[in-house]
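Please find the structures below.
Both of the next two complexes hold chain A, though its partner changes from chain B to chain C.
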Partner chain A sequence: MRWWIGARRAGFTVPLALAAFLLPLLAVQNIRVALPSLIGSPQIALTLFVPVPLVACLMHLLESRVPAPEDSGVRPVARYDAALVTAVAVAALCCALLVAALGGTQEAAAAGRNVLFLTGLLLLGHTVFGPSAVMVPVAWLVLVVGIGFRGNVPRWWTVVPQSAHDVPAAVVSLLVFAAGLTALIFAPRKAP
Partner chain B sequence: MTLELTHCTYRYRRGRKPVLQDFDYALPDGLSILLGPNGAGKSTLLKLAASVTKPQRGSVQLDGIPAGSRQYRQDVAWMPQDITPMPGLTAREYVAYIGWLKGMSRPDAWKRARQALAQVDLADRMNERSDRLSGGQLRRVGVAGALVHGARVLLLDEPTAGLDPYQRRVFRDMLAGLTGDIRVLLSTHDVADLAEEADHVTVVHDGRIIHHGDTGSFLALTPPGTVEGRAAEGAYTALLRNNGARA
Partner chain C sequence: MKFTTALRSSSVRWAGPAVLLLAALYYMTGETAPPSQYHHWAPAIVSAPLMTLYALAYAAAAGLGVWESGRLRKAHIWESLPSRSRYRVAANILLPVVIPSWVVLLLPPAISLARSGTAPTLDSLRLPLMGMLVVVCHAIAGFALGSVLPRLIAAPVVAVVDWIAVAFTRATDPYWLRHVSGQFSDIGFGEVPRLVSLAAPVLLAGGVAVGLLLLWLPLGPRVLRGVLALGVAAAGVLGAQHLARDWPHDPPMATGQAPMDCSGVHPRVCVPRVASGNLDRAQREASRTLSTLQAAGAPVAAPDQITDIYNGPAAAGPGDRVWRMNLMTADRPHEVGYQVMVRALKFRCAEVPLVRARSVWLWGATRTGQVDMYQERRRNEGVTPETRQIESQVSDQVRDVLDRSQAAQRTWIRSNLDSCSKSATGSTT
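Up next, the complex of A and B:
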């Protein structure tokens, strides 16, 4: 297990991932900006983009592997990876909830939920696109900014800009995250 | 001990021409080399034998044990063309990690890693970070990884690609030093270097076997008048030409 952690460079990447999530979250949790959109010019919370560096770090974690022996070995490495991703995502969620509780902003809590959703998208995309899947969450955010608002109101399917109390968004985030973990465990990774 | 591929068909995408179709192969004793042009199906054959991918049709077995089972995976070691250096692991940790992945306990893997690295003449570099090793050293680490868990079959995919002549010599000496009843299947383009040292030669072209036999029968295909020292190259070229290969 120690070597698996070494191969993933988890000792370095996990703290980096959490710092890359937490510090921008603290910095921008109260900031809203008008971004160019295909439909209007909605005011968007900058916390929408805060999970992106964390998600990129998760991809780096998953790709720091020794493909041949891991793919032809007998240890359930994909399950260890799923456990690691879950631990990081849950830690980020807890950090976000703590920030929300201390600072009183709902955007921070929503950013925590969005970590689950965007990580799920990343993992689902990973089975199809491999390492390039890091662009899938980014593409989702671009799509949301581009066509996901009517005035300042997010459309139902966008998930990420919904308020922290939005139950459907929370449920969808959990489902997408669970689907991503399932794909990570069961879908074969591309052989080198 | 027999590693057999029986009636294997494999295609990378639905609708595409299969890389291997109704392919039969049984790995002989000793060192066997697998020759063939790019895209002939050599790497696919090794991936099927390593059980990292499954044939759409047919079966792969080792003494009746199906590919993909725990026992099969412990008995078969695979070294692909590209060995990924791991900045977070030393050479010894890298090899021990491979042993652990193959089901060894941590103390066993750690102990055997030292021996395997000594076997490939890398004992003095075992505490070096794996990303600081040269290409040749990294390949030997890969071979040590294949040896660490006591596999009965080694599958080596172009292990000498990109090595300089000295590193190739070191690699061949190391290969010659492998003893016991380990069977080795080695895919290569390095015809001249390796064919004459192998016990068996298999030539694959366009997803089918065009020659399978001992080294003597392969070298017997050398056309008359071939320059001395180029017998294996001559035999290989003649075989491909006779089977419609184009430059």
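Up next, the complex of A and C:
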């Protein structure tokens, strides 16, 4: 367990991940910008992009490994990883909810939910593409900004720009996160 | 390394198709404007799809630059014996990175040009070329970042930050931010961006990129190189800001660049070549309208030239020797003649009572045989009980005027054009 924590460099990366999530969240939670979409230019909350550093750190965490002993060892490393990812994601979600509760905006809570969704996407992509899947959440965000809006109203499939009170988005985020964890535990690792 | 080998081992293998797919979405969902609205003006056709794609191209280049640089670092390339220049190694690895971004900037405009059946011109290549240069600079900046930061964290963060930083300038207030970011707005008919407006973004991105390259010079003390690099980068950034600081919403554009065809004298009528099919008719209508009005006694100062409003400097020249009108879209009979009539009957005062203005125009339209066009204009403005009442007043008055003698009509039109009183002068007696 200790060598695993060490190999993941979790003592450094986890605080970095949470800081890289929380500081931008506090900085931009009230800012909306007009980004050039392919259709019109919707007003988009910058909080949409706040989870990106966090999921990038998660990928860094998962890829900081010692391949030989981990692949041949008997310890259930994949489950440790899943537990670690869950812990970080839940911590980020709690932080976001806390920010939202302490007078922040509902976008902050939505950013917490998006951490779960994008992490799920990241983990699912990880089983298919390996470490380059770190670009999958980015591609999703670009896709959503590009074609995910009708006027200023997000389309149903976009998930991330929905409001924090949107139940389907929350359910989908949880499902995708769970699917990602399952893939992380059971799918064979793809070599980088 | 051979180029094909570099391409095969590069991240472009997976990133290239993804980037191109995102760019292709433009044609699946975004392109709603019919190609005909650009009147075959190639720079405008090229600028329309690029507007949404600059940020994607730059961000892809920067993110992949980070990724590839991290890959080199992970493979301990920089620690191996320097058998060839570092620049050469970097260029080798960055070439496959910039290619998908170049394709993003070239392919959609090419498709747009093909769909509208327009041949590209040299002027229309200015924007894509500017974008391609800026892409290279972004790739270099990404490469530099990737050689110090962990790639798995830095690549997505750099891509997203770069994308937002460029994209948000499209609608932001200090205008110079857009003029230096490499994000361009669309272009109107007959407009070509001046080289100086392309130089600003290239100067900014290029200054930073050259500064980063200088850090790698294999000679001189490190501090000196650092100072030099900082100086070059700062010069680029400040120079670009200085250049674009005072530009208005649109950067400097050369206007009136579309080739024109002209016909006739007094007035000489010029329209862009793409719309020159109706040129002779337009010239006939204009000259007949002007001579009829003059013969009827209206104080008309005929212009030397009538040219299209879209193709020329936005500010009209001094005097009234050149009239700018909507000639390009005037493809039905009397559309040009009617515009000339309205323009020729010039009121001395800025504000004229509605009934008087309408009476003057209806009189002019009747004398020049363009009553149908007058009525069509009124219909297009919308018909309400109020306008119907005004029109009946107008037609009563004009019928009355037209029954009079030539001399009386002449006095009527002159007094109506010159008078500044608020009431409609129904009779001159």
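Heads up, the rule we're going with is that the second predicted complex is superposed on the first by the 189 of 192 C-alpha atoms of A that agree within 3 Å, B and C clash if a C-alpha of one lies under 4 Å from a C-alpha of the other, contacts with A are read in each partner's own complex, and residues count from 1 in each chain.
Everything below uses one rule, namely that a residue touches a chain if its C-beta (ideal position, glycine included) is under 8 Å from a C-beta of that chain, and two chains touch if they have at least 3 such contacts.
What you see is a predicted model; the values in this text were computed from it and never measured.
In the superposed model, A:G73 lies in contact with chain B only, and not with chain C.
Of the two partner chains, neither chain B nor chain C is touched by A:V167. Of the two partner chains, chain B is the only one touched by A:R8; chain C is not.
In the superposed model, A:F129 makes contact with chain C only, not with chain B. Once chain A of one complex is fitted onto chain A of the other, the partner contacts of A:R65 are limited to chain B, with no touch recorded for chain C. On the side of chain C, the complex with chain A involves touching residues 11, 14-15, 18, 22, 25-26, 28-30, 32, 51-52, 55-56, 63, 67, 150, 152-157, 159-160, 163-164, 167-168, 170-172, 183. Put simply, chain B touches chain A in their complex at residues 47, 50-53, 70, 73-74, 76-84, 86-89, 93-94, 96-98, 100-103, 106, 145.
Within the complex, the chain A residues that touch chain C are 33-39, 41, 46, 49, 52-53, 55-57, 59-60, 63, 129, 131-132, 134-135, 137-139, 141-143, 146-147.
Only residues 2-4, 6-9, 11-12, 64-75, 77, 188, 191-192 of chain A touch chain B when the two sit together in their complex.
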